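Listed next: structures, encoded as structure tokens.
There are two complexes below, and they share chain A, which is joined by chain B in the first and by chain C in the second.
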Partner chain A sequence: MTTANQAATGQTAVSTAVKTLALNPEKIAVTPTIGDYHILGDILMERCLGYTTMPCPPMTKRTLELGAKNSPDMICTPFKITLGNQIEAAEQGANVFIMPGAGCRLGFYDILQRQVLKDLGFKVELISLFDYVPTAKRLFQTLSSINPDLTQEHFDRVFATVVQITLEMDKLADFMRRNRAFEITKGDFQRAYQDYLQEVIDASCADAAADVGIKYDKILKAIPLDKPRRPIRIGILGEIYVVVEPFSNCHMEDWLTEHKVEIDRPFDLTRMAMAINSVPELIEKSGGYVDYNLGSTANEVIAQAHSMMQDGIDGIIHVKPASCSPEITAMTILQNMSRDFGVPVMYLTFDTETGEAGVHTRLEAFLDMITMKRQDDSVSEVVNQAVAEGNQAGINQKKGEGY
Partner chain B sequence: MKKAYLGVDIGSISTKGVVIDEGSNVLASSYLWTQGNPIQAVKNVVAELKESLPDECVIVNSGTTGSARKLIGLILGSGVVKNEITAHAVGTLSVVPEASTILEIGGQDSKIILINNGVVMDYAMNTICAAGTGSFLSSQAKRLDLELEDFAELALSSQNPAKIAARCTVFAESDLVHKAQIGHSKADIVAGLCRAVVLNYLNNVGKGKQIKGPVVFQGGVSKNAAVVKEFENELGLPVYVDPNGHLMGALGVAVLCKNAQEELFFDFNITNLDFETRGVECEGCPNHCEMICVYREEILLDAWGNKCDTGMTLVSNQAA
Partner chain C sequence: MKSTLTIGIPRALLYYTYADLWLNFFKNIGVQTVLSPETNKEIAKVGINNSIDEACYSSKIFIGHVEYLLDKCDMVFIPRIENSGIREEYCTRIFGLYDLAVNTFPQAKILHAEVNYLYRKREIDAFIQIGEQLGVSTEESTLAYQQAADLAQAIQEERILQQEKMLASAENAEDFKILMVAHNYNSFDAVIGKDIISYFEENNIKVAFADYIKTKEAKLKAKKAYSSRINWRVSLEMIGGIQKYKDYVDGLVLISTFPCGPDSLFSEFIIRTVKDKPILSLVLDEHDAGAGVQTRLESFIDIITAAKTVEEAQL
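What follows is the complex of A and B.
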């Protein structure tokens, strides 16, 4: 990845297959952290606008504090976190930020963030990528209005690369989530995936990106595993930011992985992009539980939950930031599905608190519960043994009057 | 020698200890206030248990649950450290095997556990709200200058409970002040509060869950007869409160210990040892993890709160 320092010394990582732009050292662009997707923003900035890019400073407690302090209290959590990212990056010299500018309230983050950053005295440029219309055409309009020299042909090639990388990234990450808990050498998957990210960012065109993807697909699939025939399988669904960004969900996936759980998390950027333009199909896939557009990606959540439950998943964890209205709507529908299919669903709401203990308590209890259910479809050994011995010992003599 | 198993439940308000034998019979139990000092509370509980435990019994494994389970698990050298939900389900089912729903309201949190054929099917726990928990009731009792023990009796005497907003502690409190100022009697207000706790619980924790009988109610608030009555009214079902309801978490973890088939040395001497915890902020990176280091007689036992290995290295170097 090209950083501000590298740009200053004249080194750029952009390959030659697409006509490279000389990077402007005056413009230092940062994509706020959301999983590993910032590499996509970096590619757009470097190759379409010729901006230097800088990695977002790592998320810490300070990021949250800064974000929360300068945000309206009732706004959704991703706003606070991304604002914290922007402030910390601005302190380190960044002066361009990109935000998607589409979706639910997420679509309006940039307007408010622009104002907050200005009030704080930062002279920064905030680019709203989609400017409220999530299409490739609109993205080209946005970028070409900033860089009038950007041709449609050049944009198309960069965009195709970005799309290719997104597809490959999501495919590899999905495979990793399903198998990471069972790797024999701890850290194999993470190492290989990080190597992939390092390598793919330099892919000069869509074909080159696809080659890197194929290479790492083989590497990931060759990692030795010790996977039981039917491992405990837990689905994760909900609001995209909290699902995708580990810092915002108390590193839930790491915890589940350590406890030997196969994670079924189909929600990623690929699915999100598809979901926005395919609400009618999603409604069809919801098994009659919903017949209208719920807003944002809530229809996708319902459709995914339905297919997971039909597929015999052990349990589903639904996550959302505090006050996320599309997901609140989805929750009530999930409750009905949970009752009908007999699949437990746990609901977690995240805000700027950093206490992991509460989340881990709930995860442990959830996992205990589905493990007990699994032990013998309807009978749990642990409990039944306890019950049998409890009866035998007669320590429950005192009860009875109550009923 | 008779094998025995110790279960300790260290909650925010009270600390409970139970010793059972191999038949799950309770040999000794203890129930004391935590008073913000879980280590001292556990020492007191262990000392009390030792007093009442028959001489021939030897504790071969111990387990902890409750919010201080990790800390106390380390101090006791426990083989089982379990979350409250699992512990309560196992404990309750060992006493009331036919239970379908467990309602629980503790000092700091509340939960609901749904059971089908002795297996936990679903549960929920309050997330970010303290309304409808024991600490809310006790702070309001203080505001009204009442002893918690008199609370239920007064509430039950009310003929016309005041309507108190149940949505949120802050609203409930201002509503309560308002009702008092316009002249509602203390009994009516207290009865209204008990009702508010029940409604809040059912709306927040129990929402969307099908509550079926037999219903067991436990946790500190289950000792409040007025709350029990409100639950019965709202649910239209009899609500069973076990006299040992407060011990279910400790009992559950003791049962889990017994089932663990692992034997670990347990030393009653911990009551005489000096344990200390120190909070350290790791300066290794901007994350500034708040770490807790636990020392026994000045020797570092363990530390946690760090998100990476940097903190651990730092702490052990300091200790060395």
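What follows is the complex of A and C.
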């Protein structure tokens, strides 16, 4: 990956089969942080447009403050955080930002962000990748309107690579979340996963990316584990940005991992891309709780929650940014589901003012409650069994008396 | 066999857009309807108690109206309207209303049908479905819908015409005028916008409404002024209306309820881009006290009066 500094000193990325474009040092592109997915934006920018990429400045309290200060109050939190990212990156010399430009309110972020950045006096370009329709065709239209030399064939190759990387990344990360709490040497999974990200970004084509994926799949699966037969299993569901970006959810997954919890978080970019096109199927899978599309990813949340609860999960944490309206609708339905299935659900709302300690206290209480509930359940299972046996014995005895 | 059911219509959210269509349709097919009263403190309170506290105030009020109707009718009419045409979408709260009501009041009987032009589910199809559920033939429903839709359109056009006349006429040239930029379910709700409108009228200020505009016209104006990607119908109408009426008025009044999704973006956008008119932005929620709002209205009236005096002095 080429940073702005390297570009300035004349170093460009190693040229590979797809990286045929010479990078333009004048255009410094930044993808706002969202989990590890920014590497996908970087690949698109470098290989389709020939822009130099710069990693987004790490998120700090200042990012949140800058974002919140320049945003409307009622807007959802991802707007504030990404705006903070953009302002900090612009201060460090970035001049191109990419945003998805599709989704619910997310689709309009860039319209307002462009105005805010202009009012702040930054001369920057905002690329909205999808312009309302989240399809590969529309992505090609957007990119080729910026770079007229981009051919369909070249784009298809780059896009296939991006898709392959997304699939592999999500698969590895899911395996990691389920097992990270039980690694024998602390940090094994994180180290391997970071190595994977470093290596996969240089994959020149989809096949190369797949090879890297297979290699690291083996490495991750070989990490020695000490996993109990039935660990506490907690599901995380909710709005995609807060689910995926650890900074925005106060590193919730790290905390749960430290407390020996298996995390079931099926929600990632792969699932999100699938969810957009399969709302009718999701409605079918939601067990009669929902009849229509609720907007954004709310239907995915309901369907996931239903399958998790049927699966006998110990508890679910529903996360969302403040004022996320599809998720607020989903909450009403989750409450009913939680009551019917007897699975506890905790609702967490994250904003720029949310403190880490407060979240951790609530997680701790939730975990305690789940642990106690499981003990109760196993006690009552034993009791029930004993009662059943006793009844049977009683019946037998009565039968015996009768004779 | 025609049904003898009574259909309840909540006076909230989409009612304010579709009142003429809905009421006339049910009248035409001869089905009795009962309309919930104007929002009062009691309805609002029940709505708040039955909603998630983070939901928007307008949707809490809606839930209050549904609850009011539960024991006064056989079925509550909550159609599920995702959009009114391509790129004319409603917000996600509005299109989740049916599922929200079902999950809030599991015992409620709800009359519903889907309007979604993305999947070729037109408004007329929805009304035929509604008719079927009430034992009305397809022909009769179609006719009833056509009549009601024509009437509703004529009424809306007349409203727009009246407003254009009012703003352009020389008679009113001396009067102060303001443009109300708000969703119609906020402007006309008794606990949200109604008092604000009557306050302006008491002070001899004429009130025009940004959303008195044809959706097609609004779309064109919004596209020209901002972006073709804006696809929320309620926001389109507000932005298009501002472009259309801005030059005839002395100030803009933005009213939204907490926390409104579309407004959170576009109110800010309007404040940042409309620089030549004074703007008052009010965000209301269930904790509002009348006095605070009144102070802000008074100071806004002072501002537009002063602005006009300065303008005249410069001339």
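FYI, the second predicted complex is superposed on the first by the 367 of 403 C-alpha atoms of A that agree within 3 Å, B and C clash if a C-alpha of one lies under 4 Å from a C-alpha of the other, contacts with A are read in each partner's own complex, and residues count from 1 in each chain.
Criterion: a contact is a pair of C-beta atoms (placed from the backbone, for glycine too) under 8 Å apart; a residue touches a chain by one contact, two chains touch by 3 or more.
In this text, all values refer to a predicted model and were calculated from it rather than measured experimentally.
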Touching partner for A:Met372 - first (chain B), second (chain C), both, neither: first
Which superposed partner A:Ala136 touches (first chain B, second chain C, both, neither): neither
Touching partner for A:Ser296 - first (chain B), second (chain C), both, neither: second
Touching partner for A:Thr332 - first (chain B), second (chain C), both, neither: both
Which of chain B and chain C A:Ala192 touches, first, second, both or neither: neither
Which superposed partner A:Ser323 touches (first chain B, second chain C, both, neither): second
Chain A: partner with more touched residues, chain B or chain C: B
First (chain B), second (chain C), both or neither touched by A:Cys104: second
First (chain B), second (chain C), both or neither touched by A:Thr349: both
Partner chain(s) touched by A:Thr60 [first = chain B, second = chain C, both, neither]: first
Contacts on chain A seen with chain B and repeated with chain C across the two complexes: 322, 332, 335, 349
Interface residues, chain A side, partner chain C - complex: 71-76, 101, 104-105, 107-108, 111-112, 115-116, 119, 128, 131-132, 289-296, 298, 322-323, 325-326, 328-329, 331-333, 335-336, 349
Chain A partner contacts - residues on chain C that touch it in the complex: 51-52, 54-56, 80, 82, 91-93, 95-96, 98-100, 102-104, 106, 114, 226-227, 229-231, 256, 258-265, 267-269, 272-273, 283
Chain A residues within the chain B interface of the complex: 57-58, 60-62, 251, 322, 332, 335, 338-339, 342, 344, 346-349, 351, 353, 357-358, 361-362, 364-366, 368-369, 372-373, 378-380, 382-387, 389-393, 395-396, 398-399, 402-403
Interfacial residue positions of chain B with respect to chain A in the complex: 23-26, 67, 82-86, 89-90, 93-97, 116-125, 127-128, 208, 210, 214, 238-244, 255-256, 259, 285-288, 307
